[in-house]
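I've put the structures underneath this note.
One chain, chain A, appears in both complexes that follow, with chain B as partner in the first and chain C in the second.
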Partner chain A sequence: MDAFSISRVNKNGCSILYLNGFLDAHTAPELENELEKLIAEERFNIIVNFKDLTYISSAGLGVFMGYIENIRDNQGDIKMCSMSPKIFRVFDLLGFPTLYDIVQEEDRAIELFYKPEQK
Partner chain B sequence: MKYLSQLSLLLPLAFFLGAAIQYMGQSSDYTIASMIIRDGFILISLILSLPLIYKQKWTSDRNVLRGLRHLFFLVLITSAILFLSENRLASLREQFFDSDFFRINLGDNVLVVSWAFFAIVFILIALGTLRNLIYIKRKKSTAAIFTWLMIFLLLYSLTSLPEYYPDSVIHDAALFKYINYVVLFILINFSVINSFRVGWINYLNKKQKIACFWGGLILVPVQGLFVVQFREINPIVSFSPLLERFIEMGMVFITVYLSISFLALLAHLPTAKLYDRKMQQIQSLHDLSRALSSEFNWTKLVRTIVKLASEVTQAEYAWLELYNHRDGALSLISSKQLLEFERQNWQAERIGPLIEWLKRTKETMICNQVNKNDLVKNIQTWKKDVGSLIAVPMITSDRVVGFLYVGKRFEFGFEQDDAEMLRAFSDQATIAVENARLVEESIVKERLEQELKIAHEAQMKLLPKKMPVIEGIELDAVCVTANEVGGDYYDFFKLDDAKLGIVIGDVSGKGPSAAFYMAEVKGIMEALAKEVLSPEQMLVAANEILYKNFDRKTFISLIYGIIDAKNRSFTFCRAGHCPIFFVHGEKDICQRLEPKGLGVGLDPGPIFAKSLQQERIKLKRGDTLLLYTDGVTDARNRDGDEFGEKGLETALLAVKDQVSIEIKKHIIHTIYSFFDGQNAYDDLTFVIIKAL
Partner chain C sequence: MPTTAYEYRLRIPSETDNLELIREFVTKVADKVGFNSDDVGKIELACDEACTNVIKHAYASDRNNGKKSLDILIKIDFDKFTLVVTDHGKGFDPDSIKMPDMQEYLAQLKVGGLGIYLMKTLMDEVDYQIQPGVKNQVKMVKYFIDKNNSGFGEGKK
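And now, the complex of A and B:
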């Protein structure tokens, strides 16, 4: 089974999660833990960078749904960036672009936290 | 045969009686002929009765004590009889030697003959018993050496005869005397060689050795006295010198054998305890390995371990502590002779230093003064009366799985030897414990698999059992789950004669939770379909209900469509699901129908409703629609390549003109050859709609 890993970088008041590898029902708990940690640290401005993610299953998508309500209630958001076409296709099929800001550039995602009007 | 061998005992008896009658019938004057006849009878009788020695049976080979006890009473009774009839016998013997005209009355004759008979039976039985002792742990030569002893015993008796025959017959008495001495010399040698076969003493345990010691203390002197006395008063010589010599030397051999055995026993006595303990330890190890191979019942196994641990070390208390596999907590698993409140008081923290030491060094702790040892004395916080203690870590492949303890109330209760024994024992016990754990785990796993299998069957029942029939349309579908249960789902609803509702969906996540949600979705869709809603209304209504019931992480992608057979159309809505593949009958292209639409359960309502786009297509003859779940396109082969939409499209186009069942077969076949033996990650589900 392909491995999955997460690294976190704090940048301009945002927490950026870099996902790497294979996100499915088996590896989803790792992402859950990471998001829970962020929430516990009250870092609600979260950017998820999908640059190195090779696969995402429905269980992986479900993780974002599980925490988004709490994060938005705290004036935060999860913004997504740098998806490969294949990954974007999964999000797109389910209509995630209507629920989340999905952009190409990481910097653009950071901007969105500060200039929401440009959305 | 059995009777025959019993009858054969009568034969020596007959010869013996012949000799007796001849003896009693004769007058005082011995004739050479009568002497030869008498001694001939006795010799034949003796030879014929030798099998009596060889055929004596033990109740069991190992039960040496029984044979010894018989011998003990035999000697005592014979001696008692001898001493009781001492006076009469002695006077008879004197008469025989003193007077030239030896004439005795009938009563005395009977006494002598009876005594001779009694003595010879005693000798035969006693020799038989000794033979059985000698044969224990026999070697190749054992039987031969014993038989030579018997042969020389007979030869000696025979060569003594000339002494009693008149000089007129025996011309060279001195020569016969020398021959007799040589035979005697060899006989003594064989007696001694046989007397050193006392290996049976090894097999006695301490208790039996002590019993033998006391028995020997009586038996050996009695037998000694018996032999001495027998030589002095024995009147058998008047009946048959041959018999007399035989009995005499037999007696001597028995005495020598018993004396040497007794000495050997004395030599063994001091080590009897140690020997006993070694035997017991070996037995315990043996018991354990038997328990190891057969006992997978956890409770019984740990109880056996504790019981045997206390036995091998002869300890008063024993207990076993093991780490829990899941949370790594140490707990008291089983104990022997610990009181209920002591077990209650046991806490891993209370023995921390000792456990740390055992884990670090992996050595055995032997402590003979518990309250003087800083590492160990904490034990007394929950078990007050421990004086000495051995603790052993139980190790498998460098991992400490637990600890085994034995203890005694008093101090200095253990030796180094006990520690080593417990160590060897705990190594075996560790294997047994690990085995039992593995078995238990595999049983649990098997049960879970069984339950999943039942769940799988239950879920399969939720899918349509057969394809609905609708005019001008051919349908087929397949649902294969990668795990026992999954979140894939399809269904058909007959709305009226011309209308058929079709749904396909994929619950997010995997396994049982996805399966439960799938069942819920099925129930809701079935209920809603009865209302004959449009696909869009249907999905909005379903989303409203499911959003409330779903866990926030869970959602489902759905397509709901209605086939209208009357005006040959397919109206559908896509809620986040994979596109529909649409292949026109006359064209070789595959169109992907992918109207906008959010997955069900992602949004409470407004956004979802706004996102949906209902679409309607006309169905012409030969058109094919393929509805599938992402398990089909996500399928990966060994190299990690995806089957993909492209792969599915190619497979579909290749058979687009065939009937639906052929299309189904071809797609399944193509996907499985793509897997090439690799297991599917996801479930495979698709529905084929073919317009005729």
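And now, the complex of A and C:
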């Protein structure tokens, strides 16, 4: 079994990344590569689905910090969905909910790209 | 006053590849001694952050990086769980690491440096002993009875 894997689905103009396993200092470079690929392809509407992520450390959170500026400068965003309480707690401890849209349902995350005023 | 009841030790090469094994070791012990799953998760993350700092920084400029080792000691006393992470790389001045103002930090979108903040938030005590090139230790304590009642749920006891 892989410690960490990412699969990508393109849906309604968004690219959805499904994270599986654990995201720590060892596996974070894989997520960096994936985000760099999306940026190179000019896909800036990004949703990260955390439903199968079992663990995250600050090295994993740091990846999102590293790319968000570039993505927002290109009128895109990273929206996050389907976090377990354990994963959400780490994001919450570091104040990420003030910086990122974090929602439960993936469909809601897609909607936020098109109807942000109804947040 | 009783002395330390049990000790568990792990010596392991200082490589990110071993973080998974380190977390498994620490969570198994924390679970075994009776912490609830919330507290086990906090100890797991605090230990990961301490070890990641060592792996990324303590030996960063040394040659033969892969041969450096990292020692993890867990001491179980009647009232507390103590986790000591020791390395023999270059040290740092812990007083030079400012606790980030999270609002300011997020506003500036800084990368990295969140580990020490998390360790201090997740554990009851965090203490550094730094002797550059000789021995650097970070000692973290979690009490079995949550004195601060941090709001994440209550301990089993």
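Quick notes on this one:
Convention: the second predicted complex is superposed on the first by the 117 of 119 C-alpha atoms of A that agree within 3 Å, B and C clash if a C-alpha of one lies under 4 Å from a C-alpha of the other, contacts with A are read in each partner's own complex, and residues count from 1 in each chain.
Throughout what follows, contacts are C-beta pairs under 8 Å (C-beta built on N, C-alpha and C of every residue); 3 or more make two chains touch, one makes a residue touch a chain.
Owing to the predicted nature of the structure, the values given are computational and were not obtained by experimental measurement.
Judged by the touch definition given at the top, the superposed model places A:Gly66 against both chain B and chain C.
Contacts of A:Ala3 after superposition: chain C is touched, whereas chain B is not reached. In the superposition on chain A, A:Leu93 contacts both chain B and chain C.
Using the contact criterion defined above for the overlaid structures, shared-chain residue A:Lys51 touches neither chain B nor chain C, since it reaches no partner.
After superposition on the shared chain, chain A has more residues touched by C, the comparison being chain B against chain C.
Touch criterion not met for A:Lys11: it reaches neither chain B nor chain C. When the two complexes are overlaid on their common chain A, residue A:Lys37 makes contact with neither chain B nor chain C.
Comparing the two complexes, residues 24-25, 57-59, 61-62, 65-66, 69, 90, 93-96, 98-99 of chain A contact chain B in one case and chain C in the other.
Chain A meets chain B in the complex at residues 2, 24-25, 57-59, 61-63, 65-66, 69, 90, 93-96, 98-99. Residues of chain B touching chain A in their complex: 487, 506-511, 551-555, 557, 576-579, 594, 596-599, 602-603, 607, 611, 630, 634, 640, 681-682.
Interface of chain C with chain A (complex): residues 16-17, 19-20, 23, 41, 44-45, 48-49, 52, 55-56, 102-103, 105-106, 109-112, 114-115, 117-118, 121-122, 152.
Across the complex, chain A meets chain C through its residues 3, 22, 24-26, 55, 57-59, 61-62, 65-66, 68-69, 86, 89-90, 93-96, 98-99.
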